[in-house]
Structure formats: C-alpha cells, structure tokens
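Next come two complexes, and both contain chain A; in the first it sits with chain B, in the second with chain C.
And now, the complex of A and B:
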C-alpha cells in the first residue's frame, strides 16, 4: 500500500511538473500581454513532433536541445503575424484566435504525422529503474523531474537577474510606464511570447518520452494548466509552479483511492480555492 | 438602426424561421439542419445575453448546455419516458449548477472570468466521460429517444415527424427569445447595458454590480440549458463533446460572427456556422483546420460580425 501511494505521489509529481512547465509559459504570456493562449497545447505537440522528426539526424540529446528553440521560433512568428494585431482589443478576440490556432495545430500535426500514436525513443540507460523496490522510479522520470527543475530555475534566474527578465516583470506590473521609459514593448512582448512557447516546447519533448506521441498530447495538458494558474494565484509565477505541483500530486493521490475522480479532483480543488481564497494561494490582492 | 428597420428585421427573421422546413429541402438542406440552427442559435443568443449585453466573457457555457442535455437523456433513459418532464429536469439541473457556481466566479473579470468558466466546464466533462456505467462514457448515452407528447386530446408525434419537432423547437425558441428581448428592454436589462459600458460608474451609482452579473449569468445559463435540452431531444443522443470547451468556443464564435451587439446576431452566426460545419465535414477530413482557419479569419476581418457590418453601413 505504501508503495502504491508512493508510486502515485511520484507520478503526480511528474505530471505536476508538466502542468507547471506549461502553466508557467501560459502565465508569462497572460501576465504581460493579457492573452490566454489556447494554442499552448498545440505548441507543445509541435515541440514533441519536431523532436521526433529530428532524432534520426541529431539524436535524442540534439532533439531535446533543438526542438524547444524551433518551437519558440514558430511561436515568435505567430505572435508577430497574428497575435500582435489583437493587443489592446477586447480579450475575447485573442481568445478566439488562439482557439482557432489550437484547432489548426492539432489537425495539422495529425495531417503531417498521422493520427496514430508514435513511439518516442529514449536512451536505454535512462529506461532502467533505479532500484527493484521502487521499480517505478525509472531513470527517465528522475531525469525529467531534474530537467524541469533546471528549466524552472533558469526561468527564475532569467526573470530576476537579466535585463529582459526584469523588463518582463516590470511590464507585468505596469506596461505603460515601461514603454515610457524607452523599452520597446512590441519586442518585449514578442520575446516574452517566445519564452513562454519555449517552455511549452520543452514540456512537449519531455512528455513525448513518457506518454508517447499523439496529436492530442497537448490539449489534455492544457486545462489542468489553467487550473494550476488559478489555484496558484493569477499573476504569480511561483504560485503557478506551486499550483502545478499541487494539483499533480492531488490527482496522483486520488488515483490510489478513487481512480475515476483523478481528473475531476483538480477542479474541485480549484472550486475550494476560489471559495476560500479567491485570489489563489500566492496571488496578490486586487490584481484583477 | 431606426425602429422601422428593426421591426422589418424582426418580421423577416420570423418569416424565415416559420417557413424554413418548406424551402430548406429545396436548396439542398434537410429539416434536421434547420432544427440544429434554431437550437444552437438559441444557445448562442443565450450566451450573448451575458457576452454582448452584460459585457462578461464566458467561455464555459457548453457545461450547462451539456448538463441539461444529459439531464434530459438520463431522465428518459432511467426514470420516465416523458419528454416534457425530461425537459423540465434537464433545464433545472443546468440552471441549478450555474446558480451554484456563479458566486465563485462573479468577482472575476475579463480573461480571468473566461479562464475560470472554461476550467469549471471541464468538471462536468470529466464526470460524463469517466462515469461510464451511468453516462455511457466517451461513447455517449444511447438507448433512448424523445417521446411523443401526449396532450390527452391529441398526441404530437415529435419522434416520427421531423417537422413536428422543428415547430416544437421553434415555439420554445420563440418563447425564449421573447423573454430575453423583454428582459433586455426592462430596467434590469438597461442596468446590464450600463454595467457593460462602464462598470465603475455603475458601481458609483449604487448598482449592486456583482449581483446583477450573477443574475445575468443565471439567466444566460437558463436559456443555454433550454437549448441543451432541445439539443438532446433533437439528436436522441448525447455525448461528452457537448460539454467540452470547444463547444463553448463554438457558441462564442457564433455570437461574434453574427454580431454581439445585435439581438439576432448570434442566430445569424449560428446559421452560418452550422451550415458551414455541415458542409465542410461532408467534404473533407481536415474540416477541423478549416474551422480553425475560419475562427482566425473572423477575428481578423469580421470582429463586428455580419450584422455589425450591416448596421455600420446603414449608419454611414
């Protein structure tokens, strides 16, 4: 029993790490540009499929390294051509636009790579489990958690210690003032969008190694990421991280006792948070 | 638009709707397609009560639409084979859920309101999806059909006769549209418009904004539940996709496409959307991308919708 509980907590932590990675990207974009990026799941799938196509040429590590950057490049292009036009308009329009993009991406990946699930090769030494007792702790899973940790750490270093990151954070608080101080807000939003999509691409590559490749790989992770943002607190990136891990573990634990409620439980959590603490766990008062 | 043009538009809409089953087949459609237009049109108009006339962006209306539809299907399947009773139960379930969730979300605004409504919608999706033994899971709830309505002196055979069902749906649609139009003309409706235009000013004038938004939310979800109940009866079938977020997105695009600021706008949008979807899905396997592309094009080139454009041209 303890093993089962441990297994599911560990599993929940991994899933939570995905939610967090995705939700951090969504949050970055939402905070600076006020856009809910419905196509985030689609970008995740694109990242995963790009990595899959690159592996024969550059190997697993090359794919892991390159695919997120290529995904981010696509994101930057999409922002320039489409999403940029909608800043300052009713948020309804960017919502509908990214919603349409999500359809196009999902159908597009299905068209290019096929609807059936594809195998994603990971190095064999990563597949072995670390001990026979804790058979579920495979090298890949540990590696994944570590890599997500590194990525999140790097993100916070960027946000706190680089000029770009400081401008992004300042823009989140008051974009107009940042603009008046001479920062090119268009480029800032563009790069910020790319950063968010980079995280989606990275999550995609990692998820492909664990869940296999399917065109719908992203859309199933999208909704929980919304919940992670709401639970963690709108406007707070540490909150988003915490929210992601929390709902992952909660859903993992529910799997032990009441498997069919493992998806619904995170929405119940969201309801409770909104009831007791409407701004979310780490959200600032009066941000919305 | 002056009042005469408005009246002409009203009459035009009703004439088209009343005669639809008779010319629909002539231009290559079928009666069921007409029923789909008015059912989904009602849903989009219900959403627009909140979206266009209160200025609150809900992206989760499919939840209450689908909940009501499941209410209808499950009542007929498990409880009693009675269409009116099933209808009543379905609408009650959908509206009650909205009324309960309302207090949790009415304090949020803009994108955040949208995000929370989307997320809440997913609860019901997962319940319908996972609770196999009761809801039929992913395959949907089958093994039930709408039941002819027994009025003691006569029976309305809505099951065997497509036109009979169409007119029944049209009567429900007409009653709903009339009530919504009446509400919007009332002082309550004017207050909603005031909130849409300038919430802060409304607050300073002493309008209890949150309570009004809650009421508008419940009214909107009530009518979307009515549409959901009709939808279940129309298809004799209900599956979790009717509850999912992409269905909510469809309602929003219908409202935007037709014109959010015009009462009949969402109905026009629904007609275009339903016909287009019906056509595309019969022509190509990749209709999903085309619908997605359609969303993008509408946002970029038709943000005011068809009627918004017409109205603007008339004004200039």
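And now, the complex of A and C:
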C-alpha cells in the first residue's frame, strides 16, 4: 500500500509537470493581456498534428523542434488579426472569441487529419522503462520532465534577463506606464502571446507521444490547466507550476482510494482553495 | 526560480472581474459539448427520412464517422434501387456528442418532432442509446441502435420499436471468457469505463469468471474521456493479476493501451478485453496492437457472398480505407429500415416492428455467414462473433469465427408490440 501511494505521488509529479507546462503558457497570456485563452487546447492539438505531419520528413526530433515554432507563428497571426482588437474591451469578449476558436481548431483538425486517432511514433529507446521496479518511469516521461524543466528554466531566463522579458514583467505590473515610456505594447503583447502558444505547441508534441493523437487531445487537457492556475494563484508563474504539480498528485492519489472521483478531485481542490484562500496558494493578496 | 512578486499582474481590467471571468469561463467549458450544431441536409416533402443521432465529436468521433459512411453507402444503394416503397430516402445527421445524454435526447426530439423522421438510428454510446430509445418509444418511432452494446437496450430496457444490430455486451464477454481463463489464468483485474457499456461488460465477465471459478483482484472505473491512465495502470500492476481486462472503447482504448505498452505491462501480464475495433488498432503504434479481443465483424471472411463488393464500394468513398465493424453497423442498420418497410409494405411503425421480428437479413446486407436475423422477443440481431484466437496482430488477418449464438441477455426483454397481444 505504501508503495502504491508513493508510486502514485511520483507519477502525479510527472503528470503535474506536464499540466504545468500548459498552464504556464496560459498564465503568461492571462497576466500580460488579460485574455483567458480558451483556444489554448486547440493550439496544443495543432502543435501535435503539425509534428505528426512533419515527422516523415524531419524525424521525431525535427518535429519536436519545429512544430512548437510553427504553432507559435499561427498564434502570433491569430493575435495580430483577431485577439488584438478586443484588448480594450471587457475580458468576456476575448473569452468568447477564444471559446469559438477552440471549436474551430478542434473541428479544423478533425477536418484536415480526420476523426481517427493517429499512431504517433516515438523512438524505441525512449519507450522502455528505466527499471522494472519503477515501470512507469519510461525514458519518454523522464525526457518530458527534463524538457519541462528546461522550458521553465528558459522562461525564467527570458523573463529576468532579456529586454523582452523585463518589458513583459513591467507590462504585467503596469502596462500604461510601459507604453508611455516608449515600449511598443502591441508588439510586446504579440510576442508574449507567441511565447505562450509556443509552450502550448511544445506540450502538444509531448502529449502526442504519450497519449493517442486525437482532435480532442487539447480540450481534455485544458481544464486541468485552468485549475492549476487558480489553485496556484492568478498572476504567479511559480504558483502555476506548483498548482500543476499539486493537481497531478491529487488526482493520482485519489485513483488509489476512490478511482471514479479522480477527475472530480481537482475541482474539489479548486473549490476549497477559492473558499479558504481565494487568491490561490502563491497569488499575492489583493491582486485579484 | 521565478518569484511571485516579479510576475504580478494588472491590466486595464478590474482585478476582481478577471477572476470572476475565469470562473465563468470554467462554467462555460462545462457547456462546451452542448454548443455544437450540425448541418442538416435539404428538406424535401415526399422523401422517406432516416435520422442519425450519433457521435461526430469527442471520444467516439472516429467510430461515428465510420457508421455514417456505412449509412451513406446503404442510402445510395437503396435510392438506386428505387427507394423505400417507391419514395427516395434522405439521411438527416445530428451530432449527439460522445457522452452527453442531454444533447443526444434533444437531437432525437428534434429529429422526431421537427423533421418528422420515419426512422431513428443511434447511438454508439450505450448510455445515450438507452436514453434516446426512451424518446423514440414515447413517440412510437421505429428505431435501430447500430452500435451501442450494453445489455439493457434489448434486455431490461427493451422496447417494441427498438432493434439492435451490434452484439450485446454479454454476447461479447461470453464468447471470450473461457478462452482467457483457460489460456492466460484465473486472476483478473478490470479497467472499466464508468457508464452503462463498461458496467455491463464487467458484469458479463464477472459472471463468466464466477462460473469458471476464478478471482477478481480488482476493478477500477475510469471516467469516459480519460486521457491519462497511468494511475490506474500502477494500481492494476500492484495487484499482479494474470490478465488485465481493458473494457474501454474508442479514443479511451487508444490512450489506455498506448500507455500500458509504454509501461511494459504487456510483458508482465496478459492484456485482453471484450470488444476491439479497427479504429482503435489504427490509432495505436504497431507495438501497442496487442492482446486478445472480440471482433464483431471483419472485412475479410472467406466465402461470404457480396463482401468483396461492399469492401470495394467503401474503399471508393473512404479514400482506400477498408470498412470496419462500425461501417457494417451503419450499413446494415440503414438497410434494415428499408427491409422492414418493404416487408410490412408500410411506414407504420407497429407494422414495421412486427415485420422485422424474425426477419432474416439477405446476404447482400448480412455480409457474414449463418444468416443473421432479428430475434423475436427482444429485437436483437443474432449474428456470428469473430474472435482472433491469438494476439490481435497488426492487421488481424485470421479470424476464427466462432459460430456460437451464445448469450441471451441476462434479464430478458419484457415488451410487447402494441396490438400484438
């Protein structure tokens, strides 16, 4: 029993790292632009499908490298053409827009690639478990967690040590002042959106190696990511990371004792956090 | 690490607003599956109408697509032969979603009340099939369930107007329990999708296991649409059974099997289940196409009349893909509507239902040996089940068709056709 619990905590951390990757992208966009991006799951699916289509030409690694960038390019175009127009308005407008986009993306992938699940191949040396005891720690999952680590690290470096990152953080605090100081806020938001979508695309490519590649791949991962943001605290990227890990572990542990509630438990957690500490675990007081 | 202070947030929107908006968004996401209208074909006065209320989105979208392709081929053939009772036939298609009974029922009502369909077809999801069968029964509309397997559809929840083409869950488990027990061991663990289909499959296996004297080491219910099966797999492996029984279908089955093989569980235990479908196998990488399963229908059956023509016709419309059991379900269901009407010489539902009871499918519709027929008493089509005797190979080439017509439903149907008593 102890072993089962420990295994599930460990496994939950792996899954949680994945949720966190997706939630970080959402969080970036929400923080700077105030857009609740419901199409994030759609972008994730697009990333995965692009990688699938690229693999025959550039191989698994080429797909992993290129697909997130192409997804980000689509994201930048979508921001430029559609989302930008709604910044000045009530957030519900952009919410409705991205909500609609989510449908368009899901049905679009179904139209182009078909409703049929596609067999997404990963290199066979990544397939095997590292030890027969810890059978659920496959090479692929270790690789995934490492990549999430690298992505989070890179995000940290970008936000703290590049001009773009410093402007994004400044804009998050006070966009008007940043604008008055001569920073082109339109471009800033555009690039920030692209960065967030890049993370979605990366999450998509990683998910496709682990799960079946289906048009619904994004929408089923979207809600846990929103929950991760709320549990961790709106506006806090470390909070988002923590939230992702927590819901992964919670859902894993619930499976041990009461499997049919494994999906509901993350919403119960969200409810509890909202009741007891409405700003989220690491959210700053009074911010939201 | 990132510090919270550095990434705090304001914008032109009020702060309280944004959290509320996010919560509203969450609520809206719950409504997501409700908001999907689907194109309805042109309306014509004097046509006979068949309404298909089946998943086109979600976990069962691929299965739904193939049933639709089968329906469309049958429709073409029926119209080419002069339609039903001399009238052309049209197909109205609605997306029921893969798991939302509310939407499925609403679409069924729309097809019946607004479009006045003569026939209703659906649903792949067993729970939705039971739900819309209630509607069709209340309205007295002739209804065929092409591919929803749970026992009650033609068992305890049966209706005089509801017929079923695919097998019952009990027929599937009966045809494989013995083999699994004899060949692979008597300690079983179940991973069961948490709705009618999974529940009755598991009951069927449990009954078989009890009779054979085996043990059930555990069973976990997985919500429909589960993507991450790793916690369940960890639990199943901790129980160290002889056989892990996967009862998922559609995209759920793809996700579960892909992860099970990545974890190497296929090397430690035997992996098996009841229903397996080509749609699932096509969605899996080759190394994950493993296990022992029941195939209800297969596109290669030696010596079956008209099968080659059917395969060729489907290949033409589906870009070279072979028909699956789902294609056959859709095809046979649609043809059955025409057969019932022609046999009754009427579109009166009661007359058609009576004509359909005991009706034998002609070979160009049956596409399988042993003359399947609609059994009188519960309206269940009695076909033959195919079970690949060894591992479900990449593309299962040899199916040893067991010709047993095993397994009446556990609780027999108690329904009578109006005027039949």
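In this section, the second predicted complex is superposed on the first by the 283 of 288 C-alpha atoms of A that agree within 3 Å, B and C clash if a C-alpha of one lies under 4 Å from a C-alpha of the other, contacts with A are read in each partner's own complex, and residues count from 1 in each chain.
Operating definition for what follows: contacts are C-beta pairs under 8 Å (C-beta built on N, C-alpha and C of every residue); 3 or more make two chains touch, one makes a residue touch a chain.
As the structure is a prediction and not an experimental result, all values here were calculated from the model.
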According to the stated criteria, A:106 is in contact with first (chain B), second (chain C), both, or neither; which is it? both
Which partner does A:138 reach: the first (chain B), the second (chain C), both, or neither? second
Where does A:263 make contact in the superposed view: on chain B (first), on chain C (second), on both, or on neither? both
Can A:97 be said to touch chain B (first), chain C (second), both, or neither? first
By the touch definition at the top of the document, which applies to A:33: first (chain B), second (chain C), both, or neither? second
Name the contact category of A:234: first (chain B only), second (chain C only), both, or neither. both
Once chain A of both complexes is superposed, is A:217 in touch with chain B (first), chain C (second), both, or neither? second
According to the stated criteria, A:174 is in contact with first (chain B), second (chain C), both, or neither; which is it? second
A:283 contacts which: chain B (first), chain C (second), both, neither? second
Looking only at contacts as defined up top, I'd like to know whether chain B or chain C touches more of chain A. C
Overlap of chain B and chain C contacts on chain A, residues 30, 34, 36, 90-92, 95, 99, 102-103, 106-107, 223, 226, 229-230, 234, 260, 263, 274, 278, 288
In the complex, chain C residues that touch chain A: 1-13, 15-19, 21-26, 28-29, 32, 35-36, 56-59, 61-62, 64-65, 194, 220-223, 225-228, 230-235, 237-238, 251, 254-255, 258-259, 262-265, 268, 279-280, 282-287
Residues on chain B engaged by chain A in the complex (per definition of touch): 51, 57, 59, 101, 104-105, 107-112, 114-116, 118-120, 122-123, 126-127, 129-131, 245-246, 249, 252-253, 256, 286, 288-289, 291-296, 298-300, 303
Which positions of chain A touch chain B when the two form their complex? 30, 34-36, 82, 85-86, 89-93, 95-97, 99-104, 106-108, 111, 223, 226-227, 229-230, 234, 260-261, 263-264, 267-268, 270-271, 274-275, 278, 288
So in the complex, which bits of chain A are touching chain C? 3-4, 7-8, 11-12, 14-15, 30-34, 36, 38, 87-88, 90-92, 95, 99, 102-103, 106-107, 110, 114-122, 124, 127-129, 132, 135-136, 138, 140, 152, 155-156, 159-160, 169, 172-176, 210-217, 219-223, 226, 229-230, 233-239, 241, 251-252, 255-256, 259-260, 262-263, 274, 278, 282-284, 286-288
